[in-house]
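Below is one structure, written out as structure tokens; comments come after it.
Chains here go by letter, A, B and C, matching the order in which they are written, and residues are numbered from 1 within each.
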Amino acid sequence: MKTRYLLSVLMLGCGVAQAQDVFPSRSITMIVPFPPGGVADTTGRPTAAALEKVLKQPVAITNRPGAGGAVGNAAVANAKPDGYTVLMALSSISVIPEADKLFNRKPAYTLDQLAPVALISADPMILVVHPSLPVKTVKEVIALARKQPGELSFSSSGVYGALHMPMEMFLHAAKLKMRHVPTTGGGPAITQLLGGHVTMTAGGPAAITPHVKAGKLRTIVTWGAERHPNYKEVPTFKEQGMDIVYYIWAGMFVPVATPEPVVKVLRDAVRQAVNDADFKSQMAKVNSPVNYLDAPDFAKYVDADAKRLAAVVKVVGKVGN
Amino acid sequence: MLETFNSLMMGFAVAFDPKVFMYAIAGCIIGTLVGMMPGLGPLAGISLLLPATFGLDPIIAIVLLAGVYYGAMYGGSTTSILMRIPGEAASVMTCVDGYAMTQNGRAGPALAIAAIGSFFAGTVGVIGLMLMAPTLASFALRFGPPEYTALLLMGLFVLAYMSGGSMLKTLAMAFFGLLLGMIGIDVMSGYTRFSFGMVELGDGIGIVPVAVGLFGISEILITAGQAEPPKVQRPKLRELIPSREEFRLSVGPILRGSLLGFAIGIIPGSAHVISSFVSYGVERRLSKHPERFGKGAIEGVAGPESANNSAATGAFVPMLALGIPTGPVTAVMIAAIMVHGILPGPMLIEQQPELFWGFVASMYVGNLVLLILNLPMVGLFVNLLRIPYAYLYPCILAFCILGCYSVSNSVTDVWIMLAMGAIGYGLRKFGFDLAPVALGLVLGPMLELSLRQSLAMSGGTYMIFLERPIAVTMFGLALLLLALALKPVLFRSKDWRSEVGLDEKVD
Amino acid sequence: MAEIPAGPAQDTQDPEKGGLKSDRVSGLVLLALAGLIAWLNREFPLGTLADPGPGYVPLLLAVGLGVIGLLVALLGGRSEALRDIRWTEARRAAVILVACVALTFALERIGYRLSVFAFLVFFLGVVERKKPLAVVLVATGFSLASFHVVAILLGVPLPRGPWGF
């Protein structure tokens, strides 16, 4: 213990000299804006572990949950742009400022305060229905919804949340009306469907797989651009003639003013990290296939996604008005 | 039956594997220590430990976390009884009578009964889990928003039996708590309510900082400044053991609390936190001497502690049998299994029998370990009270601040705790009871959400509450409860508490 | 430990003697709070009974709190008189709260260990006037030990000051 303190006192003395060292010269903090055990966390931890190997510096996870990720995202957006604070964000990062705009709130952060570093994973959503519902295809879902307008219902993880957005995309594209039952998270949303209290929901592959295998839920269609490797039999919306795509993704960001050379080091490190064997097996275990994109492509990806989502938020408008 | 027995034997084989066993004990010890930190409860404990389990074998990971969970609940009861600092919502009721017992010099019996009640309730819970998990789980799924609304309403009516003070003041505090629960993002519409532009308030204010502030901090504010320092308790050995009378009084509450807690615990959602409040209300209603409650009645410790523990076990039923989270704690547990590539779901028991039965068996083991570990420790814990208060309270304050900070690495929770400490101090000076605030805060957001979810499901018609058999039954029960509470008021224009000499205004 | 004033006040005096009653004051404060909440609530759509909006339940609760506050004030004639509430410990309570606020404020600025050390030195040395040796020992021991347990064993990233300590 004592040596540790002595060391930190010594480091204090040479702090000035170290500032000119190559990045990174000390430990990096990765902010995860969700509690331990969430998708951002189970993606962030293997990434941090793999980054440690590449950067030869500790990468420590700090969970800063709150307000659907807004607290942690804002913390990084306003952090010192030195590369020592990075963010593992989910796709909700672009919806939160849009919702703030909608409600005339002072946004906690804006998307242009953050610079994308790399996309780590992306999961397409899959539409699942309660097995008692007499439908097997999207066409049948649409037909049933037309026959009973406003009678079918879906659960979500909360308004403007990751499960609400794709459903609204679908409803808007097919010009349908359904009852929306928001819940407090992805787990409760599926629980409502399993209990038959709603008729359908959008779910990530990892969350729905055990229930689909047990015959408690039926898959209909996926929001993926192509068919999911574990769900080869589930068609995409595109195949069904609807141009809607939605993924829940996880990616790394830094404050926008972070110097280019530092970002470069981080980008290179992530590129090596995603090929790490331990990292790959860990991600496979949590059913989040690695879907790596480097900063330029990721920036385009975020842009396109943000535009799509902003459009949906506008279409939905304020709920309950 | 035989099959269950064989499976359980397999489970014990797993649980007594030296490595698994070591981790179960380690989990209980770590949990107890974490739970004894003011502001850190079971949820904080397993959230903090979760990352450390990623590198472990899945069975070990879940056994360790379950141990931490149980241990933290026990540790939380200890601080509630000794220092009036709850580690979670469920310990709030323990604070009331447990701490009163400490002030009467009966800290030892309170701790011992809490340990014994928890052990018994845990065992009841595990047996229930083992025998009936799949059946109960599919029944629990039928609890949708309308049933939930009815259940929470029943929880709210318990208020009538909760406090010994004036009914009006109790109601005022309940409304205050319900309103506190309105802070944060409205799940149904996305509006941020009463957050004054603070992003950190988006998820609302947590029950832990509020409870620690209202109970723990306010207690220090009142005690520390008294002219003469509080007497140091010098517990004698024989005062550590509950008396025959105390045992006799505790049997009923422990039995009822265990069954009640388990029944509430299996329902998906976060309703299990109300089990300890409901148990307290039930015990007070049934007691021949309700006036003793709030002044150190051992039933007020035995009932809620047992209910709390068996609810915690009950919460594992839907988690293990169906793979659905019943609350934040089970959500973390599911994550702990999922990172190992095991998807908890309806097939878990068939596909991972070792995990399921090993977990069940290690819960038996964990409960026993905690009892063996903690009963002898009662003497040690009680000796904490020997530390002169002048040294004790600054350290408790620092611990409270540290604990609240650690939960989500943010000072916002600490500010909430301090503000609640000041408010609690003022309210106590004006003779208000604080437990209804905690109950209101817990119930408020859930009740509002489930009511509005029900209406969203039904397209705006209240008939949904009458069309569903479970909901109707529960509404009936709730009305019966309310009628029982109101009967004396309506027919003899007297409150029930006056019958038993509780209302100090009507003598 | 000393007896704590809790629960309802004993009404030993006659009604309305002894000046303003405590329940009158607290009831009116609750009423004012309810009014404030209702006023803040006006920006949220109320919705309808069939489809309650975000402002519906808070308004309902605020009205409830207001009514109860009013009743507490009206029926509070027999409660303890305001001036009979003794505030002997209020000064110490204020000191404690201010110190806690200072600690919370310092936490993320000068780091956990330094701010807790200063906090304990203040309480034990200045407020409770203990022996300097004991003060330093407890303050040093507590801040270092709690940091070790929480930050290093439990892995909570506790704040460190600008000097890395």
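Everything that follows uses one rule, which is that a contact is a pair of C-beta atoms (placed from the backbone, for glycine too) under 8 Å apart; a residue touches a chain by one contact, two chains touch by 3 or more.
Everything numeric in this text was worked out from a predicted model, so none of it was measured.
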{"item": "Farthest chain (mean CA position) relative to subunit B", "value": "A"}
{"item": "Centre-most chain, if every chain is reduced to its averaged C-alpha atoms", "value": "B"}
{"item": "Whole-Å gap separating subunit A and subunit B, where each centre is the average of the chain's CA atoms", "value": "32"}
{"item": "Chain centre separation in whole Å, for subunit C relative to subunit B (CA means)", "value": "22"}
{"item": "Averaged-CA centre spacing for the pair subunit C and subunit A, given as whole angstrom", "value": "38"}
{"item": "For subunit B, residues contacting two or more additional chains", "value": "48, 51, 188-189, 191, 409, 456"}
{"item": "Subunit C: positions in contact with at least two other chains", "value": "45, 51, 53-54, 157"}
{"item": "Of all residues in subunit A, the ones touching two or more other chains", "value": "62, 318, 320"}
{"item": "Subunit A-touching residues of subunit B, taken from the complex the two chains share", "value": "47-48, 50-51, 54, 141-145, 184-185, 187-192, 197, 199-203, 268-269, 318, 322-325, 328, 331-332, 334-336, 338-341, 343-348, 408-410, 449, 453, 456-457, 459"}
{"item": "Subunit C contact footprint on subunit A (complex, rising order)", "value": "1, 5, 8-9, 11-12, 15, 29, 60, 62, 318, 320-321"}
{"item": "Residues of subunit A defined as touching subunit B within the complex", "value": "35-38, 41-42, 45, 61-68, 70-71, 74, 99, 102-103, 105-106, 108, 150-151, 153, 158-160, 179-185, 187-188, 190-192, 194-198, 206, 209-211, 213-214, 216, 282, 284-287, 318-320"}
{"item": "Complex contact set, residues of subunit C against subunit B", "value": "1-11, 22-23, 25-27, 30, 33, 37, 40-41, 44-45, 48, 50-54, 57-58, 61-62, 64-65, 68-69, 71-72, 75, 78-80, 85, 87-93, 96-97, 99-101, 103-104, 107-108, 112, 116, 119-120, 123-124, 128, 130, 138, 142, 146, 149-150, 154-158"}
{"item": "Touching residues on subunit C, where the partner in the complex is subunit A", "value": "45, 47, 51, 53-54, 144, 148, 157, 163-165"}
